[in-house]
Amino acid sequence: MTRAKKILNDPRRVVEEMVEGLELANDGRVVRVPGHAALVRRDIPGGKVALLIGGGSGHEPLFHGFIGHNLADGAACGQVFAAPAPDIIHAAARAVHRGRGILFLYGNYAGDNMNFDIAADLLGDDGIEVRTVRVRDDVAAAPPERVHDRRGIAGDILMIKIVGGAAAVHESLDEVERIARKAEANVRTIGVAVTAGSLPETGRPTFVLADDEIEVGMGAHGEAGVRRQKITTADAVADQMVGALLADLPFARGDEIALVINNFGATTMMEMLIVNRRVRQILAGAGIGVHRTHIGTWLTVQEMAGFSITFMRLDDELRRFLDMPCDSFGFQRM
Amino acid sequence: MTRAKKILNDPRRVVEEMVEGLELANDGRVVRVPGHAALVRRDIPGGKVALLIGGGSGHEPLFHGFIGHNLADGAACGQVFAAPAPDIIHAAARAVHRGRGILFLYGNYAGDNMNFDIAADLLGDDGIEVRTVRVRDDVAAAPPERVHDRRGIAGDILMIKIVGGAAAVHESLDEVERIARKAEANVRTIGVAVTAGSLPETGRPTFVLADDEIEVGMGAHGEAGVRRQKITTADAVADQMVGALLADLPFARGDEIALVINNFGATTMMEMLIVNRRVRQILAGAGIGVHRTHIGTWLTVQEMAGFSITFMRLDDELRRFLDMPCDSFGFQRM
Amino acid sequence: MKGALDGEGTRALLQAAAAAILSGVDRLTEADMATGDGDHGIGMRRGFEAAVAALSGLEAPSPALALKAVGTAVMASTGGAAGAVFGTWFRAGARPLEGQGTLDGAGLATFLETGLEAVCRRGGAAEGQKTMIDALAPAARAARAAAGAGLGPALAAAAAAAGAGAEATRAMLATTGKARSLGERSRGHIDPGALSVTLILGAMRDHLGAG
Amino acid sequence: MKGALDGEGTRALLQAAAAAILSGVDRLTEADMATGDGDHGIGMRRGFEAAVAALSGLEAPSPALALKAVGTAVMASTGGAAGAVFGTWFRAGARPLEGQGTLDGAGLATFLETGLEAVCRRGGAAEGQKTMIDALAPAARAARAAAGAGLGPALAAAAAAAGAGAEATRAMLATTGKARSLGERSRGHIDPGALSVTLILGAMRDHLGAG
């Protein structure tokens, strides 16, 4: 088996070197927690409710590129596709805490859940209050009645944006948690994979698809989706994906949404724009308005080709936080 | 030969459908020039010096994703890897003109030069003043004494940012042109390709590299670079690329630069961050400061894996325009 | 076969277990590629390399201290589900043995039972969900049943039960972790975490048999 | 062979040229893949499909109008270097023929010479730089030399000279356009634009010979 072709140094040190490179890429706005694969804002205001995010590495710029003004205060970085260990989370949490408690916001995976929960226990021992909101936006992972079995994927992008805004404005952890839960209840994503990504350390693809196959519902680590099928047109793929999203919440005529089309890695922007054309035709037909569109590369699965479509139903409160300016390495808004 | 695996509709209509999808993705801030593959800002202020950019499609989000506040006023979109025809440029130029003349800013390619020049002639007949600045940042394309033979690559990103700012602030075409020429004289880029991209219409890769080969100096359409060599470590590749950049201007101890690491398509952010780590070690050793770092996906070559490194030497004036907030589909700053 | 081990013996036993994980990395990778995200092998390598380092840094450890050192190292260095699960097993399992100078059959059974219970509490999973619990739970039961015969027989029984339990995960449908969403496609493949349990207990048994 | 063509005849001649480009797309793609960015074939297809449409929309065209229609369509629909270059050739080349009812040998020579001059002015390139100029320039000279013998002989001479000129680009080093940066590696491959000139003039010759 041939290794994936990548420009790396030591494949076993990718996360360490990536974190170094990412700290430097922040031009001083973000610093590393000494001794840990964790990054935090340099200028967290006193008395702020802290927002801590994190998860496995390999999805760059998520999560650790989303630290900054009106976004997250810090992030704990795991190894590639592996939740961060409790002591990384614990150290990051202590570094971002400003006396008003911490919201943990991350994707719903067994590994993340357990490691963040262990860290929360440790912080409880330290007398620091922690609340946890898990993003469970992947409609392909489980039916709606088993939402606790759903994975967190590109919904993270809008969640960090909104909760980052809420945590910048509200001084109560209760309020920030309430807003996070509302946003989470209104966000839905579905992905499609075209070709596989690989783990830098093994160089091996995370799954194998035939040349004429795609997988609809693919997760963010190469986990299987709802079905493997023949590749078809952009319009047909968009129809299928949007159909699954609309039916799930369900979204209804008169709703206004935020739309994200997220590149899992190697898909061209041209393909995503062509998909967007169709998505908008369907939404217009369904009487659903789009408040904001984001199309780009945020939650990656290494060099996997594929993309996901995210809808979040908005109300005035969510719209307010979505529209706030923000700044970070991986996500900006004027 | 197998076709590249992409999610498309009609491969011959990719640009048309992409432009439709891109207009929609701008959520009303950008509109299409009726009948043309050209997009312009909806809210161009009266009396503003107009900035028109453009070039072949297939590099999304460049160029046509860089239209917005403090960036370009409009863009003419060619077919994939082909300069836009004169009448597209002409129509876009007429749509952005606000009585103070137009700066054409684009990459230095025979096709772009000729088509934009023909359009400039047509605009001259219309009594509209046009100035032209061609980006020639690719140090791999020709030696410094043949700068007119150099291609424009990721230097475009910083150029549009700076000239967009200048055109928002200055009311004289002379001034905007002067600033553009200064920025252009101070920007240098070098790219490396790891795997090829393909043309959507033919489905064929634009070049062929062996599994263990990379091409240093690769251009933005698969044009050959300075040399084809065995793949090596991220540090060694960074050393080679940064060495070529530093020697070219040359950059000197005490300089301050803007740094861009641009993903040509399918390279992982993790690889670019690891490269950034090394770039910063070298710059620190050379006594060169970094004012701002941008690492992301802006000038793509379809699904080509590879990246480029851009340095722009700054002075107070360039720094001012670089730091201005901006908003567009493909590039934002708070 | 030995009936009990002192602290030094427990350290050696754990070094053998770590060695088995380190030489089983590729098998674990294969298993996780089939049902998960392919990183179980490299994750366990990180954890058990750290465990080896931690073990060799201990001075005159008790069995509980050696077991806890492994758990702490695995918890801190593995990451992912495995780090939490295997770290919890060893750390929680070591706790009731504190103050005991030797690890005997009953001690092993307690270590497995207490660790199992903590793992189930931490991750909310139970037997039958195609996780390492499906190897650990039968191992704990078998160890308790054979506890009176001493550490050697208890380990032999536990290792055999773990192997059978891991084998049985092939037929199961994953309902937790990254394999969950595979649904029917997860059938036919062994759970990588269950395989790790088997490697660990099998290596301990072999070490004791050889020692 | 005919000594001259009226407007209808010129239209048919140009339709034959367009057909040659449309059936040569793959060869042009191959050529541009070897030295450029691989899009010359699909670009010329866009341009000459538009030219066919424009030609069929003309009512009772003069030769100049038919040539200009091709140039305008190619200029508007091809894009890239080829759109500017081939559009300029046909548009500029048509201008001195305005008002003439027929296209004869001298007219062909004028069309080629004037077009060539405009292309050189527009793109700043000259013979020897491995572009379509290396086919067009010898074609123009050959057409002028054979002009007195009528359109047929002039076209035959031009097509032969274009073919030889295109062949000669193999040995050249590209110093302009996307092939430029290939340096030494551009040697050995025919310039795609020069190949297009050959296809166009060759098809015109064959059309006249057959007609």
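We just call them A, B, C and D in the order they show up, numbering each chain from 1.
In this text, a residue touches a chain if its C-beta (ideal position, glycine included) is under 8 Å from a C-beta of that chain, and two chains touch if they have at least 3 such contacts.
All values reported here derive from a predicted model rather than from experimental measurement.
Hopping across touching chains, the smallest step count from chain A to chain D is 2. Centroid to centroid, with C-alpha atoms defining each point, chain A and chain C lie 32 Å apart.
Inter-chain centre distance (chain A to chain B, centres taken as mean C-alpha positions): 28 Å. Centroids of chain B and chain C (each the mean of its C-alpha atoms) stand 54 Å apart.
Among the residues of chain B, those in touch with two or more other chains are 80. A linear topology is adopted by the chain contact network, the touching chains following one after another without closure. Applying the touch definition to all chain combinations yields A-B, A-C, B-D. Across the interface of their complex, chain B is touched by residues 2, 5-9, 14, 17-18, 20-22, 24-27, 57-58, 60-61, 65, 69, 80, 192, 194-195, 197, 200, 211-212, 214, 231, 233-235, 237, 263, 265-277, 280, 290-293, 295-297, 300, 302-303, 305, 325-327, 329-330, 332-334 of chain A.
Across the complex, chain D is touched by residues 56, 78-87, 109-111, 113-115, 117-118, 140-142, 149, 151, 199, 201-202, 204, 206-207, 217, 219, 221-225 of chain B.
Those residues of chain C lying in contact with chain A across their complex are 29, 33, 36-39, 41-43, 46, 75-85, 87-88, 122-123, 125, 175-183, 185.
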